[in-house]
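The two complexes that follow have chain A in common; it is paired with chain B in the first and with chain C in the second.
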Partner chain A sequence: MKKKTKVICSLLLAAAVFVLLYIVDINNTGNSMLATVLQLGAIYALVAVSMNLLNGFTGLFSLGQAGFMALGAYTFGILTIPVESRGMVYYLYGINDVLANAALPVPLAMIVAGLVAAFFALLIGAPVLRLKSDYFAIATLGFSEIVRILIGSSPLNTVTNGSLGLKMIPGFSSFFTPFLISGFCILVIVLLLRSSYGRSFKAIREDEIAAEAMGINLSKHKQMAFIISSFFAGIGGALLAMFLGAVTPTTFPVKLTYDILLIVVIGGIGSVTGSVIASFLVVACKEWWFRFLDQSMYIGAFHVPLLKSGFRMVVFSLVLMIVVLFFRRGIMGDREFSWDGIAAFFRRLFRRNRPALSGADLPAGDERNGGDGHE
Partner chain B sequence: MSKTVLAINDVTMQFGGVVAVNDLSMHIDEGEIVALIGPNGAGKTTAFNVITGVYQPTNGEVILDGKTIAAGHPTGKIKKIYAGGHNGEYTKSVKNTPDKITKLGIARTFQNIRLFKNLTVLENVLIAKHMRMKANLFTDTFMLSHKEEKRMREDSLELLRIVDLYDVRGEIASSLPYGKQRHLEIARALATEPKLLLLDEPAAGMNPQETDELTAFIKRIRDDFKLTVFMIEHHMNLVMDISDRIYVIDFGKQIAEGTPAEIQNDRRVIDAYLGVAEDE
Partner chain C sequence: MSLTAFLQYCLTGISIGGIYALIAIGYTMVYGILRLINFAHGDIFMMAAYFMIFAMTDFFLPWQVSVVIVIVATIVLGVVIEWLAYRPLRSAPRMSIMISAIGVSYLLQNLATYLFSALPKGYPEIPFLKQIIHLGNVSTSLVTFITPILTIGLVAALMFIINHTKVGMAMRAVSRDFETAQLMGIKINRVISFTFVIGCFLAAIGSVLYFTPRATVNPLSGALPGIKCFVAAVFGGIGSIPGAVVGGFLIGISETFIKAFGYSEFSDAFTFVLLILILLIRPSGLFGEKQTEKV
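Now for the complex of A and B:
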C-alpha cells in the first residue's frame, strides 16, 4: 500500500473517532455510562501502554505501576487544588506552608506529575534494576506498596492529607481532554518504540547477553525504559485524579497494578494496539457490561440463581482464566495495527469467499478485486 | 612487521578452586586469522569471556591496540587460594563491561547462536549499529535525526548485501535456516565495526558443505572489512585450512603454538588433544 493512501486512511480513522466521540459527547446528558467508560478506558490505555513499554518491549516485569500513578496523582492534586479551597480540603491537619500557595496550571502540573514519578524511578532504578525477572517484580511491587503507605502515613499529613486524601481536584475542561492527552502520550511511546532506542529495548528483551555484546549499555537502557514508563504512568495517575476529582491512598492498591497487567496480557504483551483495545474492553466489561450480574434477576417467576452483588467479578475472573488458558498471546499477540495488515486481511477474506460465491476460481481477478475492494 | 592488535599477558581465570584459564599469554597481529583449539572444557570460551569483558581476569591483563581493556590481580578470598602463576606481578585492576569492549572494537559471536530471534534480519543488524549512533533519545524519538537513521538503514542493507542476506532482510531471524543464522550472527557482529572479530565455534553443527562455505565467507570478510579474526573451532579441516597460526590449550594451559603444519606434527598436541598416540 502506498504511503499516501496510508496517511489518508489514518486521517479518515482519526476523523471517524473524533465524530464518534463528538456524538457521544452531545448525547451525554448527565452521567452516561458510555462516556465514563470511554474516558476511563483512555486513561487506562495510557497506563497500560506505559506498562507494556517496560514489560512487553524491554522485558522487565515490573509491578510498580500503581505506585508511580499514585505519585503522579498526588503531585498533580497538590499543585492544582484551587488555593482558596485548600483550607477546606486540609481542614483536619492544615497544609504545609510551602505548599499552601504552590499552584500550577493544569498542563504544567501534569508534566510535573510525570517528572516526579520519573524522578522516583531514577532513585530506585539503580538498585532495583540489578535484579532479574521475578525479583525485579517483587521489588517494584514493594515500592508501590511503600508509596501507598507513605502517602497515607501521619508524618506526611500536611502534604498528602493522610488517609483523608485530596478532594476538589479540577476535572477535565472538555470531554475530549483525556483522549487528546492519552492519545498524544501513546503516540510519543509509539515513536520511541520505532526509534533506534526502541529497537535496543527489544534487543534487551530478546537476549540480554547478546544485546550487551552488541554494545548496548544494559543498565543505561533499562534505566531509560524504566524512567520513561514511570513518567507516563505518572501522567496517567494525574489523568485518573482529574477523572475522579478526589484521590485517597486506597485509590492505588496493588489491585490497580494487576488490573493494568491484565489489560496488557489480554491485549498482547508487546503490542501497543492490543493494550489500547484491551483497556477499553476490560473497562467496559468491568464497569458496564457485566453490571447486570450484580442485580438479582427474575425470568418470569424464576429467580436466576447466583446473581447478586459481587458476582460480576466472579464471571470476570472466569473470562480472564479462559483468555489466559486458550488465548495466551492475547488479542494482538505482539503484532501491531497497520494498514498493510488490514489490507492483507481483507484480501484473504475475499480470496476465501470468492470461490464459494461465484463457484469459479479467478486467481488473477481475485487479487485485483481484493486489493480494489479495500483501497 | 605487522602490529599486535590483541595481547593477552599471563591471564589466569580462577573460579573458587577451579582454574579455568591458567597463565595464558597470546598475541594476535593485524590481519591474521588465529584459531584457539583444545579439548572440551579446556577453557577456550572462558578465555573469550575474559577478552570480551564478561569476566574480569583473576590475574594478568588484556591489551587491545596498546590500551589495557581488562586487568586484575588476586584480591579478597581468592588471594589465599590463588593457584595461577605470576602472582604479585600485576597491580592494576581494569574492568570493562562487554558493551564497552564492543565499543572499543572487539565483536563476538556465540557458541550457541544468540540472535534476536523475534526480530527481523534487518533489525538484528540495525541494533548492532545503535551504539555508534550520535542521536540522543529525544532527537531520535521525534525523528529529528532521521538522516542518521536513514544512513544507518542504508549501511545495514549494504552490509546485508555483502553477506548475501539481503533477500531475507524482512524475515524473522529464527525462521532462517541454521547456516544463514550463523552468517547473520557474523553480519551482526560486523555491524559494530570491529577491528577484531571473535568467533566462538562458528561451524558448530554444520555439514561439510556449509563448513566450506563458511571458510570462504570468513576469508572474504577478513579481506573486505580488513579484520583480524580470532576463533575457537573444533572442525579441524576448517582450522587447518583457514588459520595463519593456532594456539592449543588444555586444562587452561597453553600447550602449543604455531602454524597449522607445526601443530599437526606437534607431539604434545597429538598426545593431549587428538589422543591418537595411545596405540603406538
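Now for the complex of A and C:
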C-alpha cells in the first residue's frame, strides 16, 4: 500500500472515531455507562502503553506503575484544586503555606505531574535499575508501596491531606479531553518506539549483552525508558484524578498495578495496539458487561446459581488465568496494527480458494473487529 | 522504656518474626527451585485462615482436628495451584510464570471476597493457645510464647530433610541445576510438588499462629504479610533457609519496635525501604550465593 493511501486511511479512521465519540457525547444524558467506560478506557490505555514501554519493549519488569500514577495524581490535584475551595478540602489539617496559593492551569499542571513522576523515576532509577529482572520488579513494587504509605502519612498532612485525600479536583472540560491527551501521549510513545531509541530498547529486551556490544549504552537507555514510562504514568495518574475528582492513598494500591499489568498481558506484551484494545475491553467487561454477574438473577422461577456480589471479579480473574496459561501472546502478541496487515487480510479473504487463514493474517482482522466493537 | 516493656516487645517481635520466618521459607524454597516469586503465597496463607474458620465455626470441630484439616487443605490448595498455574509454564519465559503467579494471587483474593465477603470474619478462639502465661514480670499468651519455639523446631526438621534425606538431596540438585538434575533421573515435577507441600505446610501453621491473636480475617489480610515475608526471604538471601529465618525474625523484631516507638504508620514502609537497601547493598542477601550469569 502506498504511503499516501495509508495517510488517508488513518485520517479517515481518526475522523470515524471522532464522529463515533461525538455521537456518544451528544447521546450522553447524565451518566451513560458507555461514555464512562470509554473515558476510563482511554486513561487506562495510556497507563498500559506506558507500562508496556518498560515491560514489553525494554524488557524491564516493573511493578511500580501505581506509585508513579499516585505521584502524578497528587501533584496534579495539589496544583489544580481551586484556591478558594482549598480551605474546604484541607479543613482538618490546614494547608501548607507554600502550597496555599500555588495554582497552575490544567495543561501546565498535567505536565508538572508527569515531570514529578519522572523526577522520582530518575531518583530511584539509578540504583534500582542495576537489579536483575524479578528483583527489579519487587523493588519497584516496594517503591510504589512506599509512595502510597508516605502520601497517607501524618507528616505530609498539610501537603497531601493524609488519609482524607484530595477532593474537588477539576474534571474534564469536555468529553473529548481524555481521548485527546491520551491519544497524543500514545502517539508520542509510538513515535519514540519507532526512533533509534525505540530500537535500542528492543535490542536491550532481546539481549542485553549483545545490545551493549552493539554500542548501546545500557544504563542510559534503561534509565530513559524508566523515566519516560514514569512520565506518562504520571500523566495517566493526573487524568485519573480528573476523572475521579477525588483521590486518596487507597486509590493506588498494588492491585491497580496488577490491573494494568493484566491489561498489558491480555493485549499482548510488546504491542501498543494490543494494550489500547485490551484496556477498552477490560474496562468495559469489568465495569459494565460483567456487572450482571454481581446480581442474583431469576429465569422464570429458576434461581441462577453462583451469581452474587463478587462473582464478576472471579470470572474476570479466571478469564485472565486462561489468557495467561493458554493464550500467552494475548490479543496481539507483539504485532502492531498496520494498514498493510489489513490490506493483506482482505486480499486473502477474497481469494476464494483459501478457506483457512494463516496465523499472520489474523491480527489485522482481530484488530479491526476489536476496534469497531468498542468505538 | 522499662525493662519489662522492653522484654514484652522483644517477645512479641520474636513471635511475629517466627511466623514471618515460616512464611518466608515458602518463598525462599520456591524461588530457589523455580526462580519464581510466588506472589500467591501470601494469599494461600490467607486462605488457610478461612479454612480454619470453616472447620471450627461452621463444622464445630475441635481445634486439634481443625488444625490438621487446615494443614491438609492448604497443602492441597498449594499443590493444585502449582499443578494448574505453574507447571504448564515450565518452559515459558520467566516473565510469564511471574504474571501467572500474580494472576493466581488476584484470583485467590477475588475468590475469597466472593465466597466469604469482603467484610472481616471472626477468627475462631482457641482457648488453649490464648491462655495467659507469666514469665517473671512479662505476661503473654501461650501462642506468642510457643511460636518461636515451634519455628525453630520446624526449621530444624526442615534442615534435616534437606540435608539428610533423598528427597532433600533431590531438591538441592534441582535448585542447583534444573536440567542436569533431570538428566540424573530426578523427577523434577515430584520434587517441585514436594517443595510446595513444605511451603504450604509451614504457611498453614504460620496462619494458625498469626491469626489466633488477631481475631479477624479479610480477603486482603494475606497480601501485606506475604510481601513482608518475601522481603525477609530476600534479606536472608533467596534460596537460603537459615537466611529466611534470620530475615523473618529481624523484620518481625524491628517492626514491633518501630510500632513501640510510636511510628506505626511507617512500619510497613520500613520493610520496603529495607528491601530496596538490601537489594542495593547486597543483592544476594545475607547468606545468598552470588550468581554469575552464563552467556
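Definition applied: the second predicted complex is superposed on the first by the 351 of 375 C-alpha atoms of A that agree within 3 Å, B and C clash if a C-alpha of one lies under 4 Å from a C-alpha of the other, contacts with A are read in each partner's own complex, and residues count from 1 in each chain.
One rule holds for everything that comes next: a contact is a pair of C-beta atoms (placed from the backbone, for glycine too) under 8 Å apart; a residue touches a chain by one contact, two chains touch by 3 or more.
In this text, all values refer to a predicted model and were calculated from it rather than measured experimentally.
Per the definitions stated earlier, placing chain B and chain C onto a shared chain A by superposition produces no clash, and the two fit side by side.
In the superposed pair of complexes, A:I209 makes contact with chain B and with chain C alike.
By the document's definition of touching, of the two partners only chain C reaches A:A139; chain B does not. In the superposition on chain A, A:D334 makes contact with chain B only, not with chain C.
When the shared chain is aligned, no partner comes close enough to touch A:A284: not chain B, not chain C. In the superposition on chain A, contact is made by A:L192 with chain B only, not with chain C.
Of the two partner chains, neither chain B nor chain C is touched by A:L104.
More residues of chain A lie in touch with C than with the remaining chain of the pair chain B and chain C. Of the two partner chains, neither chain B nor chain C is touched by A:V24. The gap separating chain B from chain C at its narrowest, counted between C-alpha atoms of the superposed chains, is 8 angstrom. Contacts of chain A with chain B, set against its contacts with chain C after fitting on chain A, overlap at residues 209. Residues of chain A touching chain B in their complex: 188, 191-192, 195-197, 199-200, 202-203, 206-207, 209-218, 224, 334.
Residues 52, 97-100, 102-103, 107-108, 110, 114-119, 123, 126-133, 135, 137, 140-143, 149, 152, 188-189, 192 of chain B touch chain A in their complex. The part of chain A that touches chain C in the complex is made up of residues 55, 61, 124, 127-128, 130-135, 137-139, 141-143, 145-146, 149-150, 152-154, 209, 254-255, 258, 261-262, 265, 269, 308-311, 313-314, 316-318, 320-321, 324-325, 328.
The touching residues of chain C, when paired with chain A in their complex, are 35, 37, 84-85, 88-89, 92, 94-96, 98-100, 102-107, 110-111, 113-114, 117-118, 223, 227, 230-231, 234, 265-266, 268-269, 271-273, 275-276, 279-280, 283, 295.
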